[in-house]
Every structure is written in C-alpha cells, then in structure tokens.
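As structure tokens, here come the structures.
What follows is subunit A paired twice: with subunit B in the first complex and subunit C in the second.
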Partner chain A sequence: MSDLVVADLVAGYGDARVLHGVSFTVREGEVCAILGPNGAGKTTLLRALSGVVRVRGTVTLGGTTLAGRSPDTIARHGVAHVPEGRGTFMPLTVEENLRLGAYVRRGGAEVEEDLGRIYTYFPVLKTRLKQAAGSLSGGEQQMLALGRALMLRPRLLLLDEPSLGLAPLVTRELFRIVQAINAEERTTVVVVEQNAHLALGIAQQAHVLETGRIVLSGTAAEIRADEQVAQSYLGYRV
Partner chain B sequence: MSATKVVTEPAPVRERRPPDPRWRWAGLALLLAAAVYAPFQLVPFHVFQLTMVLVYAVALLGLNLLVGHAGQISLGHGAFFAVGAYSGAILLDRWDLPYPLTLPVAAGVAFVLGLALGVPAMRLRGLYLALVTLAIAIFLVPLLKRFEAVTGGSMGLTLAKPAPPGWSGLAEDQWLYFLTLIVTVAAFLLAAGLLRSRVGRALHALRDNETAAEVMGVRLSFYKTLAFAWSAMFAGAAGCVYTWVIGFVSPDSFTVNLSITLLAGLVVGGLGSLSGPVLGGLFVMFVPSISQDVNDAAPGVIFGLLIIVVMYVAPTGLAGLAARLAGRLVKKIPRKE
Partner chain C sequence: MAGFVQQVVEGLGAGAIYASLALALVLIYQFTGIVNFAQGELAMFSTYIAWQCVAAGLPFWLALVLTLAVSFAGGMLIERVIIRPVEGAPELTIVIVTVGLFIFVNAAAGWIWTFLIKDFPNPFPGGALEAAGVSVSFSTLGVLGVVAAVMGLLYLLFQHTKIGLGMRAVATNPASARLVGIRVGRTLALGWGLAATVGAVSGVLVAPLLFLEPNMMGGVLIYAFAAATLGGFDSPLGAVAGGLIVGVAETLAGAYVGVIGSDLKVGVPLVIILGVLLLRPQGLFGRAVVERA
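So, the complex of A and B:
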C-alpha cells in the first residue's frame, strides 16, 4: 500500500514554528482536502511534504521515509508539488515548462508519451507549445502547472489552491481534470483549497487546519455537515 | 504556415520566438565573415583593441551564465580572470609550457577554484553573495603581491607573446587576434551547448522560480555552484588569452575595478542573451578608457549613468535593443514560405 502517513509533523521558517504536530493519513489513490483560514499553515504543510522547508516528525509514502530528505530526493520518490501561485517559468516556453516537469526522469520515449497524455487532458496546451508560458492566461497557467506536475508521473500530487484567481467555470473544469487524473492514474492527491465546495466534492477525506494544528478531521461528507465548517468555509448554516 | 494565418494571442511577456531562424544564421555568418576580414583592414592598434574586446567577451560569456542565466550575482569575476591570467603566465614563465596548453590548465584552475569558493558562496543570496564575491576580488591583489616568488609581486611577470608561425604569413597582432577569435568561437559554442542542455534548462528554471524548480527535483545548491564554477572557468580562459595578448601580468591590472567593469559591461550589453557579452566586451574595452580621458573620476560617473539609462530605456541591454530593432526591420520584409 502506498499510503501517505504524516505524524507529529513540526515545521516552520527559522525560529518561527508554523506547524505544531500535524498528523493524518491519506490512503493510496484517495483525494484528501486540507481546509483552513489564511495563515493556518496550509502552504507550509505542502512545502514540508515536498521538502522545501525543514521538518521534524514523520512523513512516509508507501513506507519510504520522506521527512528530512531533500526536495530532489522527494521528487524522485514521485511527489509532485504544484506550488501556490503556480510557479510558472514565465520566459520559458510551454513545452520547456512541461519538459522540466520530467526533470528527474530519464528515458526519452516515455517522456514523449507522457507529453501526449498531458495534451489529451489539456488540449489547450498543445496549441501553445512554443509560446512563452508567461503569456498564458491564469487558467492556462494553472493547467500548465498541473500538466507539468504530471510529467513526473507522480504517486502523490500536492496542489496548493489551484482555484486561486480563476473564474468559477475554469475552476470547475480544473477540478474535473484533477478528479479524472486521480481516477485514471490512481494518483494520491492532497489539495489545499479555499473553495471548500469544490475540494470536498472530489475528496474522500478532509482536515481543517487552524494555526498549525488539525482541529477537525473526517470524511468529506462529515466535514461538509459540520456546522462550524459550514459557517466558516462554505458560507451557509447547516 | 502562411502569411495569412492570423494568430491572436495575449501580449507576450517576452518575445521568445525570433522572427525567423534563418535571419539569425545569416547574421551570424555575416558577423563571422566580418571578424575574419577585419584584421586585414585595420591598423595593428585597432586589431589589438578588437582582440581585447573578444577576450572580455569570453569573460562576460561566463559572467552571463551566472548572472543572466542562473540569476546569481558576482562582484568578483575579475578575480577568476586574474587567476586565469596568472596561471597562464606562471606556466609560461616557470615551466615553459607551450602556450596552447596553458589555456586548458588556466581554465581548469579557475574552474576548480570557482567550485571551491562556490560551495560556501552559493549558500548566500542577494546582498550577501554580492559582498562575499566582492571580498574575493578585494583579497586577490594583496595575495598576488604577497607571493612574490611565483607571481613576481607588484612588478608582475613579463612574457614573450606567441609568435606567428611562418606558414601563416600573419603579423603578430593578426596572429594573436585569430588565436583569440578561435577561443571566442569555441567558448560561444560551448556556452550555447551548455544552455541548450538539460543543465541549462535547470538553470533557467532556478532563475525563474526557485521553489517550483526545487520541488521538480532541480538541486538548488548543486546547480548554483556549478554555474559559479563555469563562470569562473570562462573567466579563467579569458584571463589566459589576455596573458598571451598582453605578454604582461601585474596585480594592478586586476583590481576590484575590473570586476565591477565586467558586471557593468554585461548589464549594459544585455543579460541572458548570447550577443550581450560581445556588446559588453566593447563596453569593457572602450568605456573606461574613453571616460578616463575626460576626467579621472569620470569612469564611475559614466558607468553609473549608463547603467541607469540602460535599465530605463532597455532593460534587456543593448542586445535586447538591437534584437527589437532588427525584429522590426525584418517584419517589414514580407515573409513567404
């Protein structure tokens, strides 16, 4: 089983501790949503999982320890991270961006094959291959970021607020694609999202993070039914 | 495909596609032809000046890898230039090495030194990195004076310049020019190859978005250090050729001023493009000496002003400006395919 197990995870920047002992498990092939107010530490949690910030505690993926490893080692273990704000390489072309996604992989033929697969998920990218990525629209850039992450052939996909700054229609399309990827490739997904409706719509499990601690965990349906969550993140009372 | 195809696209952040690659090749071929023709038309002093422009262009090619492509800064590039120059000089002086052999050794010494200094330096960023590299440049001159037995101290070392072989029929200045031209072309091919490789893509990714590159598996410290070592290697090669051409090295030729002039030249010439270093080489060769004629304090003022003006008028440097103008010209010519 290739589960993601996080236990007593502590992380921060310099002396400032942001995560104070976070524990949760995501079963292989499931989608897990992380909700929480601004500044709760959601982005930091994803950064901790991909090794960009230093951590203490346990992070394992399919039994392999990831905590304390460098970002490139973690990437080699199949963890792809779509960072907050998409992380587009603006002056590079769309194709160069995509190829960089396969950076840790060798083997030309497989990469070409995967490019083709990405184009079936995101046909719009195929028409923009030689264009500077910075000239794409926000929605297209988010698709590029997702496509680029898929080029790693990830076992675990970390998404940081994919809906940020996108029109509702584009956001829904994006989540539909994430769901399709999750279903077809059996990729485990951890998605941080302000748009709780959409995130809970594709997730099996969800956790609410507040000031660096998980304050509520449950199935997507349970979280949706929680009165506190409904008020804070869904904008209505149950 | 055809001239009638209308492509509507959002305003590009930066034009990545040259109008037509054939124009580029034509331009390069023309440039190379002019470079081969020039020494037969110019008086020796101008040939010498042109040679020095090429020497500086090779050094700037290295600096461009670090600053323009890897997004780091160095105020100590002149130090590696000096290391190359002295390596070449000492090899010629003490060991009587045939001069073509001094080039790879000098480049290698600078590369290794760049690697050694890059490991600690590249953990720093921004202002700290600027200060540490500046310190490298500052320490160099007293260091060279201190080891008088090998370096000749403040008197420096004087060497015989490579003599033109009889079969070539060239004068000394022309021979030195062609030697330098060969090194320059090789350096450009090498740099272009490096940038087109997987490593080049990794450098660009780091420059454009460090975190995104890191989570993709690009090893931050490794590539920064590698870029630093490469930049030192090009500087070292340029320094060695400098020794061939000038036939003399002394600590005062490699003060902090040289490092600053190189960085200024690169910025004015154009960061991140392959033609930037050539234009920057012109800058390094001519601007300090011309402004020195005006007034002793003038170089500083003129550098400052030039950099400010370029940043406002052409943030991509003279190379970017030239490319834009050329692009406009080319667009006026109807395209057919």
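So, the complex of A and C:
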C-alpha cells in the first residue's frame, strides 16, 4: 500500500509559522481535496509535502519518509507537484517541458509511450509540440503542467489551484481529465482548490483548512452536506 | 580589395578568441544570472597549467586535455566553495565576489609563476594559406576551427542530450527544475565547470599570440564583454557572432579609420557596448522576453 500519511505537520517561512500540526491520511488511489479560505495554508501544505518548505512532523508515502528531504529527492520518490503558477519552462518547447517531467525516469521506450498517452489526454498539446511553452494560453499551460507531472508516472500527484485563471469550461475539462487519470492509473491525488464544487466532485475525502489547522474532515459527501462549509465555500445554504 | 579581405580575416581570427571567452561568460550568465568578472583570470590560470604541463615535458595535446579536465574540476569547485554561499544574494554581492575572485586568481598566478612573461607554444603549424592575394595563417584557421568545434559540441550537449535539457531547465526555472527531480546544485556546478573549460580553450588560443603573463586576459575580457553584450548575454550563438563582429570591427577601425589607428582601437569595444545598450539592450540574438500570462 502506498498511502500518504501526514502527522503533526508544522511548516512555515522563516519565523512565520503557517501550518500548526496538520494530520491526515490519503489512501492509495484516492483523491483528497483541501479546501479553505485564502491564507489558510493550502499552498504551504503542498509545498511541505513536496519539500519546497522546511517541515517538522511526519510525511510518509507507502512507508517511505518524505519529511525533511529535498524536492528533487521527493520527486524521485514519485511525487509530482504542479505548483501555483504552473512551473512552466517558458522558453523551452512543449515537448521539452513534457520530457523534463520524465527527467528522473529511465527506460526510453516507456517514456515515449507515456508521451503518446499524454497526447491522448491533451490533444491540443500535440499540435504545439515545437512551440515555446510560454506562448501557450493559460488553459494550455495548465494542461502542459499536468502532462509534465504525469510524465513522472507519479504515485502521488499534488495539484495547486488548477482552476486559477481559467475559463469555467476549461476548468471542468481539466477536472474531468484528473478524474480519468485517477481512475485509470490509480494515482493518489491531493488537490488544493478554491472551487469547492469541482474539487468535491472528484474527491473521496476532503479537509477544510483554516489558519493552518484542519477544522473539518470527512468524505466528500459529508463535507458537501456540512452547513458551515456550504455557507463559506459553496455559496449556498443546504 | 585583397587588403580589405586580409583585414577581415585577421579580424575573424581575433574575434574567434573573444567569442570563446564570451561563450564562457554567457554560459554562466544563463545558468546563474551572474556576470563572472573572473572568467578571464580563470582562463589565464588554466593556460598556466597547460604551460606547466608542457614545461614538464608533456606533449602539447595531452597537456591540453589535462588542462581542460583540471579547469572543469576547478570551475565546479569554485561554484561549490565560493559561489554557493552567496547564492540568492543581491547581484552586487555576487559581482563583488567575482571581482574578488579576479584579484585573487591574478595574484595567485603571479605568486606561483611570477609576473615575467613566458613563451607559450603555438599548437598550429606556421605558414599560411595563400589565395587571391590574401594570406590566412594556419594559426588563424586553427583558432577558427577550434572555436567552431567548441560551439558545435555545446550545441550538441544542450540540444541533443538529456543532461543538456536539464541544464536548460535549470537556467529557465530552477524551482520547477527541482520539482521534476533535477539536482539543481549539481547542475549549476556543472555549468561553472563547463564555462571554465571553454574559458581554458580561449586562454590556450590567446597565449601564443600574446605572451603568457598574469594580466594576459584583461584586454580579452573587455572584448568578450563587448561580444556578449552585442550578441545578447543569454545567447551562446550570439556570443560567437558578437565575438566575430567585435574582432572584425576592431581590426577594420584600426586599419582604416585614421584617428583610431592601433592605439585607440581598444576603445572600439567600449563604443560597441554603449551603442548596444542604448539601441538594443537585449543584444542582436538575445530574447526580449515575451510571454503570455
């Protein structure tokens, strides 16, 4: 089993602590949504999981300790992080961006095969292979970022606000693809999202983060039914 | 006419040397955003190592291979020991560190090998190729050939190898490179090693034409700065083109513009730097970054 286990996670920037002891578990192959207002620490949580910020506490994936390791080592353990701002290598071509996603993998044939798979998920990328990634639209760049992450064949996929700045139609398409990937490849996903509707639509479990602490946890259905959440994040009363 | 062509050929020969040092400058700038003022001194130090090997009785080409290897290791070491601690510091801090490195390497070379000039062997045969009244020395041809080969190898490395792709990724977006699993620290050290190696080639090419002494690369560095500025600090191809243009411009100005002559031609790179910064700050081949948000 390669469950993600997070326990008593403390993280921050310099002296400013952002996460004050966060604990949760994501079972292998499940999608976990992290909801919460701006400044709750959602992005920091993902950064803590991928090693971009220093942490105290426990993070393990399938029993392997990730806490305290560097981002490149954590990536080598199969964690793909699509960061805020998408992390595109702007002047490089679309194809080079995708190949970089598989940088730590060996086995050329498998990588070629996976490139083909990415093109079936995102046909638009195939038409722009030799184009500089910086010239893509926001939606295309988000697809590229997701494609790059998938090229790692990740055990754990971390998505930071995939809907940010995208048209509703593009966002829905993106979430549909994330769901398909999760279903077909059993990739564990942690998604941070402002759009609670969409996130709860594909998640099994959800946690609400407020000022660095988890204030509510449950199945996606339970969270959706919670009146407090409905008022704060879904914009309606149940 | 033959006289003019002759001047252009001389200019290309000189320009190829500026190009090779400019290439080293551009390599480090691309990776780290650092303008390495010590690049010329490192090249000079490498050249002394080559001289020492030859003086110890090694055949020239073996000495060269050894020198390139030592330069590569030295470049990596400098990144690890001197540059790493100031990584992410303000630009001014890093500039001062490289200026300090300049002074240190210069003094170290003087201390080890004294400031007396030394004769450096020319690896290329004497004599020249003559055609239509223009004579091209084998030495000039050799310099052009070597610089073309270095350029070709770097192109292959960056465009057609996985490690080259990783290096370009680090140059563009180090944070994102780390997230795909690239060891960024090691890659930066590799970039410094590579630049030191290219610089060593430049030193070995220039030494037979001038004399080997600790201040040998001072002038060349100025020309290399002009070349990199002209070509664009983020473009290796631009660095080479810039070097050749600077070399030709300097030679022609010295030969044909009476007031400039051979005394004032060192002013040419200054004029080029100023002109480029005013008219086209990104350089001829540099990218003025255009991105969609």
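In the analysis below, the second predicted complex is superposed on the first by the 238 of 238 C-alpha atoms of A that agree within 3 Å, B and C clash if a C-alpha of one lies under 4 Å from a C-alpha of the other, contacts with A are read in each partner's own complex, and residues count from 1 in each chain.
Basically, contacts are C-beta pairs under 8 Å (C-beta built on N, C-alpha and C of every residue); 3 or more make two chains touch, one makes a residue touch a chain.
Everything numeric in this text was worked out from a predicted model, so none of it was measured.
Student: Judging by the criteria at the top, classify the pair subunit B and subunit C on subunit A as clash or fit.
Tutor: clash
Student: Looking at A:Pro154, would you say it contacts subunit B, subunit C, both, or neither? Reply first, second, both or neither.
Tutor: neither
Student: Answer with first, second, both or neither: which of subunit B and subunit C does A:Gly12 touch in the superposed model?
Tutor: neither
Student: Touching A:Gly41, do we find subunit B (first), subunit C (second), both, or neither?
Tutor: neither
Student: Using the touch definition from the top, say if A:Arg99 reaches subunit B (first), subunit C (second), both or neither.
Tutor: After superposition on chain A, A:Arg99 lies in contact with both partners, subunit B and subunit C.
Student: With the two complexes superposed on chain A, say which partner A:Gly212 touches: subunit B (first), subunit C (second), both, or neither.
Tutor: Once the two structures are laid over each other on A, A:Gly212 reaches no partner at all.
Student: Once chain A of both complexes is superposed, is A:Pro162 in touch with subunit B (first), subunit C (second), both, or neither?
Tutor: In the superposed model, A:Pro162 contacts neither subunit B nor subunit C.
Student: Based on the superposed arrangement, let me know which partner A:Ser135 touches: subunit B (first), subunit C (second), both, or neither?
Tutor: Both partners, subunit B and subunit C.
Student: Which parts of subunit A are touched by subunit B and by subunit C alike?
Tutor: Touching subunit B in the first complex and subunit C in the second, residues 50, 52, 70-72, 75-76, 80-81, 83, 87-92, 96, 99-101, 103-104, 134-137, 148, 152 of subunit A appear in both lists.
Student: In the complex formed with subunit A, which residues of subunit B make contact?
Tutor: The contact residues of subunit B facing subunit A are 9-17, 198, 201-202, 204-205, 208-209, 211-220.
Student: Where on subunit A is subunit B touching in the complex?
Tutor: Subunit A residues touching subunit B: 47, 50-52, 70-72, 74-76, 79-81, 83, 86-93, 96, 99-101, 103-104, 130-132, 134-137, 148, 152.
Student: Enumerate the contact residues on subunit A facing subunit C in the complex.
Tutor: Those in contact with subunit C are residues 50, 52, 70-72, 75-76, 80-81, 83, 87-92, 96, 99-101, 103-104, 134-138, 148, 152, 165.
Student: What residues of subunit C sit close enough to touch subunit A in their complex?
Tutor: Touch list, subunit C to subunit A: 162, 165-166, 168-169, 172-173, 175-184, 287, 289-293.
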